[in-house]
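As structure tokens, the structure follows; a few thoughts come after it.
Chain IDs A, B, C and D follow the sequence of writing; residue 1 opens each chain.
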């Protein structure tokens, strides 16, 4: 029976003491297993997973194990449950929790900082110095602590954002991605109304960066990429101009669209040597670049250009400064910010996905 | 006779209508010439040069011409007067100027923005979008407008800082360098008391970054370099620890001195591929790096580390945000911030320097 | 003939050398007079006025004279032309101006700082320390330099924002008001998505604060006032809840709507002792209050509450930090931000307004 | 025996299971009692109190009870141990704590936020929305949780700053006060080098604000007050000018010392109607005021002056943004920042103080 002292449940949302969960096996192996339903502690709740999106990083984790400590060289992590873009329903409350009620629909962000290191104390919880140390109170569900490819997950209350009735479960799984884009724009200064913003790379973070920048009044919003289909989604989400870099010189076009001086803000979401150099050269003097993706190897870039032109570069990790809640507020208001889903099967091996979908209740959408 | 309508002079500081000035000739040629004494316009004053320091950039300009527009590919600029680290005495006032009086000792900063572009309007005058366009009101003395290797120079009043009686002429020429260091620390957040700061490269900007960081309470302040003599000056200026990177692994030592997590702030003043990578790897999660120097070629660096660790990089140009005046205030208070001069002959061809020194009144000190 | 050296005009927009302008006479007297058409200087353009709104402050100026220096106690200022909420067409360019072209539609903001004082250099041009000193380059059209109740006015290029084709002349006169609201929200931190915002006082600035806050994603946006008609306009502009303070206790309702803790941001646009105290008591711990209006006498308030609750108060003057351009970008995008005009006759003496309207081409709308 | 599971102690610092502590009795009554030695939890340590200063607020608490919730109207709180300005030695470690070691000398700051509310998540832990709710993890030792008038106290590791060997116990008790001053200057912008700072009120916070402002390079630093003896201490701590407001008009003198424009920053530490109005009128256009003290009744002030002059007012509570650690770093470096103690008997009833001093080992200094 589920229900340790201090944890509250409700008859309406009965919680089983065991649940189904997908767990890592050997590299590239994802296994469906029974696990004890996790129990929320202080400042935590139990979330019944209602929908989960699959991110490219999930596939990397299935392939290579959980990056419990970034760069830490941990061994492959068996029995770990990945999945970080999920939403669901509050099913149980940890001791003293009164910030949420059982039955509320919530989407989640990934990072709950330890709350006791220097960075957490500055409000920089995604840069927690105790990253990967659950003993210190740090959680990054789907990365260092069990995530959302399961029937239930435990979340710190700091990582929850209420989902309005007008937003579907599937849409709500995108909020953490939008939060990452919002965090990037926040760190660039946040005041983008009337400023020129270029987004490089029309993946999920890039597309939502277009949507968030447009919602905040950026003008023009320019999207670059190589896939016309994705660029078309960018147009729907508000890009004033898209550039297929296979057909046009992105730096030249951006300069031309900005009166010759370059873009105020560039959000780099492609993470290649070529696009990072484009970002550097299309930023205006005094401009700012957000690196939201990264290359897997050292890259050769014109860093001198940054110094000569007083350009700042923000390597962002995660979705800090409560950006997920702010993104939720914008998405709740602007239906047009929410991309229409095409539930293609993505890149997850089809058999795995099928059984996963069946196992956890057909609640797993895919991504663009 | 000097004295157009609206410009005020004083009998105590008579201004000749012609002056001696060093000007560029062919590459690597610096010629002593007679020039009309320049005339201050609105919001400008005429400064009688009392002391001038020689910066490595001056030598680059003597060698390659004035970089009137960064990256602009201008032809070699004959008749241009270089020199940007100078101080002197106010000798004449432009129309309407009442912010300064004739006879005041002043040191200068380089950049006077146009005041009408987007960056100037944000207070980012060293990132003026009209850089190199004097018609628009931009000035960068010694770079795009005539500088201090002369008997007189015109300065915008925004570029002046009063020199206290307790500071020598020679010391006052360092204020713009200290201002650059101060600007870097400002852009990193400015609140460095109790934070760990590493300065890479014990050139003038690096050494003054040590002094400024220490004065503002940074702890520990660590200086890295290759020349023990320079590192020793760094110790005198307040470095808690110096690292000769030929003898020790700078990244390892910094990690060890900071409890394993790395430095809060790194000020990179060496501008090489190796040291930029050191800066990246010695910064803590959520840390910040200031690039105050730059390599002359593209460099291969581990930019992914920035993204994974939420590290921000600030390419700084010049001495913005009135940092020069703030640096002056700190230097006026802290005698210990002022390095003792060893007027070695530096790298300027000895014959040139000698004649220069003689010509403009033996007032030209050299640098460390 | 109009056309001093260096100033460019176009045959398409011929500029007469004299124009009609309303000028101050005795207190409460506004006279239609012929004046020489003003001539733009460096970084200035001549604007042909196409529409002008009348603000309550205009009426104060007609009544009491131009506040050339706030609190300066100047004598009543005859021959001065008021009017600061106008838009028009660029009709002539000052020397060296290439930032705008003749024929472009522009709306204006009020303040052009001197560009040479400490505040201007920080980007705080509405707090220019040379306020009211045109000799130093300061302009505040309609306050310290001639304004828009005339056929033409001179504007610094920094004070212009392009008007998109989709925006009517009448709407464009509101941009400076929206800019003031935007400036207030900027100084409160700017990142209002998902944050609770209360606007007190449904005058023009308050109503546009509702529209701007909503556009930026604030939630909930609450508007308080006494006039139901105005509150209804607030609802149209996006207020989630309006409070008629004659019927409900504003502090209680705000607390209840915010889970008991109070509002993150309060924008006070009523300027009475009662409403300022409401602002203080409805702000949450760590909340922020913008004072965008002010009482004409000292007021008795519970300042201790600010200290006990770490609340910050921002007295804002004008429309700084290029907020007008940012507001223009938001308004251009969001038709719903633009209130529908009811050209009632407002409070300007009817005879004056009629002749004014006739004189300057029927281009003068009124306000709500 | 002291020593629950998970808590670590050391033979060198044996911890008794009971201790002596001063507790509130009836109003104005402070009683010496035996209490169980408190036990540190997760992220907490036990501190052996070595020195404690007495603050005016302690006397208010002895008189009126613990303000467990500001404005909360709690009943008088018997058995509560006051005292918030203390330092001591780490004597036991809570579970998982490895950030400190037993035997380290530490001084403390007051506030440990809950870590789970909106404000804590922004890094504003002194504005914790769960203030006064220890169940949620909030602590404010000496205010809402037991403080330092005892042999031992429990502290969250976030509230500790290491004391260098060169600093005496008595000096170290001042660090939280210096931290409050530092927090005020931080919220005003932090970059005070070369800026004019007026401190109103030479109490402990005011005097340390002088010391901190001076250490950071502010110039001039002006101190106002009524007691010449205190003003003299201010001079020793670095004030460039002191003003006895019984003898001089503070506003006039400040204007005169600042070239007629007023002070960039004013730190108000007196909390009277008169001095708050002085603060308002001596601040420059675009200036900033920190309210670090507050009047006990509503006050009548010229708030319009704030709006007309774009002045911002920061009501600060506590010692946020890790200002205590930053203050410690500055004090460790600058011996001159540390006021010399004159252990007068202050205002605590002499008998109480004597027995307190005897009871907790003669370690209780008094304040100026």
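As a convention for this text, a residue touches a chain if its C-beta (ideal position, glycine included) is under 8 Å from a C-beta of that chain, and two chains touch if they have at least 3 such contacts.
Note that the structure is predicted; figures quoted are calculated from it, not measured.
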Key: Those chains which touch chain B and also touch chain A   = C, D
Inquiry  = Of the chain pairs B-D and B-C, which one is connected by the greater count of C-beta contacts?
reply    = B-D
Inquiry  = Quick check: how many Å separate the C-alpha centres of chain B and chain C?
reply    = 40
Message = Going by the contact rule already set, what residues in chain B reach two or more other chains?
response = 122, 124, 321-322
Message = Going by the contact rule set out above, which residues of chain A touch chain C in the complex?
response = 182, 186, 190-191, 193-195, 214-219, 321-322, 325-330, 332-333
Task = Sort out for me which residues of chain A touch chain D in the complex.
result = 42-43, 96, 99, 115-116, 118, 120-125, 135-137, 156-158, 321-322
Key: Residue ranges of chain B in contact with chain A within the complex   = 70-71, 119, 122, 124, 126-129, 131, 187, 261, 271, 276, 284-286, 291-318, 320
